[in-house]
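Below you'll find the structure I mean.
Residue numbering begins at 1 within each chain, and the chains themselves are lettered A, B and C in the order written.
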Amino acid sequence: MTNTLEIQKLTKQFNEQSILRDITFSVEKGEVLSIVGPSGSGKTTLLRILAGLEPLTTGTISISGQDVTEKKANKRSVSLVFQQPLLFPHMTVEENIRYGAKLAKKDSKRKTQSLLEAIGLLDYKDYYPAEISGGQQQRVALARAMATEPEVILFDEPFSSLDPQLRKELRLWVRTFLTERSITSIFVTHDTEEAMLMGDRVAVFHEGKFQQVDQPSTLLQSPNHPFVAHFLGGHLVIDEERYIPVQSCLFRPPSDTSYEQHEGTIQHKTYQHGQTIGHLFLESLGEKVSLPVQEGSVGAELSLYLPLDKIKRFEGGRT
Amino acid sequence: MSRNRLLFIITSALFFLLPVLLLVLQSVSETWRFQAGQGFTFQLDSFEVLTSDPNLWSATGWSIAIGAGVLVTNLLIGILTGKALATMDFKGKSFVEAMMLSPILIPVLAIAMGLHLFMIRIGLADTLAGVILIHLVPTVPYSVKIFQNAYRQMGSDLLEQPLILGATPVHQLFTVELPLMKPAIRSVTFLTIVISLSQYAITAIIGGGTVITLPMVFFPFLDTANASIMAAFSIWFAMIPLLLYVIMEAILLLLPYTNIPWRNRT
Amino acid sequence: MKWFKTRSYYLFIPSVLFLLIPLYGLGSAIAQSVRDNGAFTFQYYTSLFESERFLTSAGFSLQVSLVSSLLSLIIGLWITRACYPLLEKYTPRLIVWLPMLFPHFVWGYMVILLLSESGVLSQWMQMTGLIGVPADFPVWTRDPYGIGITLTYVWKEVPFVILMLLPVYASIKPEFYDLVQSLGGGAWERFKTVEWPHLLPVVVESFLIIFAFTLSAYEVPALLGTTYPEMLSVLSYDWFYGSVWEDRPLAFAAMSLMSVFLLMITCVAYLYLNRKRWRAMRGRIE
């Protein structure tokens, strides 16, 4: 296995506040790592440090075995795609794409052509950014980042300024693009669904560190920390040690096993995929849980039965 | 709105357009004596008299040389300081901003008088360089402000892009910053040249009798020349910023990624 | 990580070097105003305050520059406010800024050309019979009240004020106006609550710049002023360059006084604005 990107014990302090604490991880060649976490948790800072735009406090960053910790942003083989396209307004689409490529001495007509084709903007190559739509601009920004042929591409919520429909299309397109060319990348988002879709692995980021890094399915099935379970949803956290998948919760006591019983109130109801979802508040646990309900109106009191054999324990070491 | 529009048209025509128009007309007409029935009589003698004065040409040369020197220095200081003030955050920034503005709040006459002896001692009195230095005082604060605004409008996010794409600071300056700051460069060119051309007293103090600029020719002219020639001289003053503006525009065309005017697209 | 720490402070080197020029100049002017053959003295300041000529000149200068700056501000503000959307367009803006193409003293000559006793306006009035002889025309240039100087300054500074205020008006979001309107506020309310807070710092800054300039500039008064009373700048320049070498320290003293005075009102304005900003911040936190 070859690791393109290796981060060792990275920390960042700002104004005596720890923003990143002891982050260690690596990304394989061609792998996409999603980093998901609440807004304002320092994900962007992490990316900016990796790109060389901000200093780190301690730790090392290596790319393809080379230590780049001390290197400036313009000397790192890293590209960063931002929330906003941030194209150069005085350059045409084509000039924008070739800007970095020329600097990296990797400029060729053929490549520009194929990138323009890939982003579907061949006919627009002489347009200025102001003359194309937001989605098109973001695709150009992507092509501009690709054109330098970096070893790693970092994405900082690149779709968050687009409308939902466009966002879905572009997501898929980028995912395919990255896989086809086996580009090593890190994809930061606050949207769980997006993180699962984009990443080969997903890292849940909270309070300055990775709470869990796993494949999407593993992450969903066995979260190793109450925060992860809360953040990703799909589980009812019983206490600091135990949780149960939502689909294992019952409204009637099971006859074959022993169970725990908790009282809840339906706070409101929503309708999804043809099902009625009740949003319950469980007083005894101080937890909220959403699951399909057949009956009961808002304000109705219900009992929830948790079969003991379905209850799991958080496996991760407590931190 | 339409009342305001009318008001504006009348005010601006009467107070801004008409005087300049009258000045131009007087410069190409015999001196007016409307009360004696002598109105507009076309002539170009005024310009001939003006341009046949050898002092005018040497003074124009001095003024342009000083203006160019002041402009280049202003661009240098303005761009670097403007960038620093727009992109950096540090304690006491508002104090630094106030400091940068302060030279236009202190009488430049006091500064020139104070520097006079020092300039003589270090050999800068009566030289081009000395005059350029003193002309920086009333100009640089404006340039810093203009470039600071230009960089702020660009935004620090956009300024990070070239860095991410591998550009060195110098490459970034020429490919991204300067092309995007063309309007600011134009304003600075204009303002700097006009202010530099406006300095009589401080030029006289630092330039001694050696550096004779246009204002120093203009003042004595007032006692001897007629209205027609004075008007021509006034027009002459306005031609210099325009000339340097055109030159600057030509230089700006050399910047990379310049939108070529005749480039067409449907 | 060295390159992060040294950050971009080198960008300030040229401006620091530049600032040495005015700082040294001012310092040296003050130093020369309190030195007599190497000994410290206040004698020049005492003689200044005993000099009728100086006191009259100082009063006259203050009056002319105060009137000029206030009029420029009021007229500039009024034009910008009334014609703001129009000024967004290219041609109107160009016309308004036309006077900026000319140096101050050239514009001063224009005032002579148009408004002197034998100027264009006077000629026209004689032609139409509104006045009989040139002497009937009021003395507006080289007059003892500084009318010519004030006229030139106001005429020339109004475009400058518009230049300063235009970006402020461009930055006020129209939603604010709608908000005030929906709350039932009139035009005055709109000006007071929406525009004024944005305008205040720029108005103060513009006032300081124009006031300092009109108080201390030499060229326009030299062209349009009279011998008595004369502006302080003209008087100082005469003392500096006049035939009597002994008068030179008086020039330094007069200019130093003016500089200190201007710096003091700048400081007051700066503190006032900062205190306002600070209070606004605190209001947000509490």
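The rule is simple: contacts are C-beta pairs under 8 Å (C-beta built on N, C-alpha and C of every residue); 3 or more make two chains touch, one makes a residue touch a chain.
Because the structure is predicted, anything quoted here is derived from the model rather than measured.
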Seminar exercise, completed: Per-chain C-alpha mean nearest global C-alpha mean belongs to chain B
Exercise. What chain lies farthest away from subunit C once each centre is taken as the mean of the Cα atoms?
Worked result: A
For this session: Please give the pair of chains with the highest number of C-beta contact pairs.
Result: B-C
Exercise. So, what's the distance in Å between the C-alpha centres of subunit B and subunit A?
Worked result: 53
Exercise. Roughly how far is subunit B from subunit C, going centre to centre by Cα mean, in whole Å?
Worked result: 18
Seminar exercise, completed: Cα centre of subunit A to Cα centre of subunit C, whole Å, reads 57
Exercise. When you check subunit A against every other chain, which residues touch at least two of them?
Worked result: 72
For this session: Specify, in ascending order, the residues of subunit B that touch 2 or more different other chains.
Result: none
Problem set entry | Touch list for subunit B against partner subunit C, complex | 1, 4-5, 7-8, 11-13, 15-17, 19-20, 22-23, 26, 32-35, 37, 76-77, 80-81, 83-84, 87-88, 94, 96, 98-115, 117-118, 133-134, 136-137, 140, 144, 149, 190-191, 194, 197-201, 204-205, 215, 218-219, 222, 227, 230-231, 234, 237-238, 241-242
Problem set entry | Residues on subunit B engaged by subunit A in the complex (per definition of touch) | 157-158, 160-168, 171, 175-176, 179-180, 257, 259, 265
Problem set entry | Residue ranges of subunit C in contact with subunit B within the complex | 7-9, 11-15, 18-19, 21-22, 24-32, 79, 82-83, 85-86, 92, 95-96, 98-106, 109-110, 113-114, 120, 123-124, 126-127, 134, 155, 159, 167, 205, 208-209, 212-213, 215-219, 222-223, 233, 236-237, 240-241, 251-252, 255-256, 258-259, 262-263, 266, 270, 274
Problem set entry | subunit A to subunit B touching residues, read off their complex | 51, 53, 72-75, 78-80, 82, 84, 86, 88-91, 95, 99-100, 103-104, 126-127, 144-145, 148
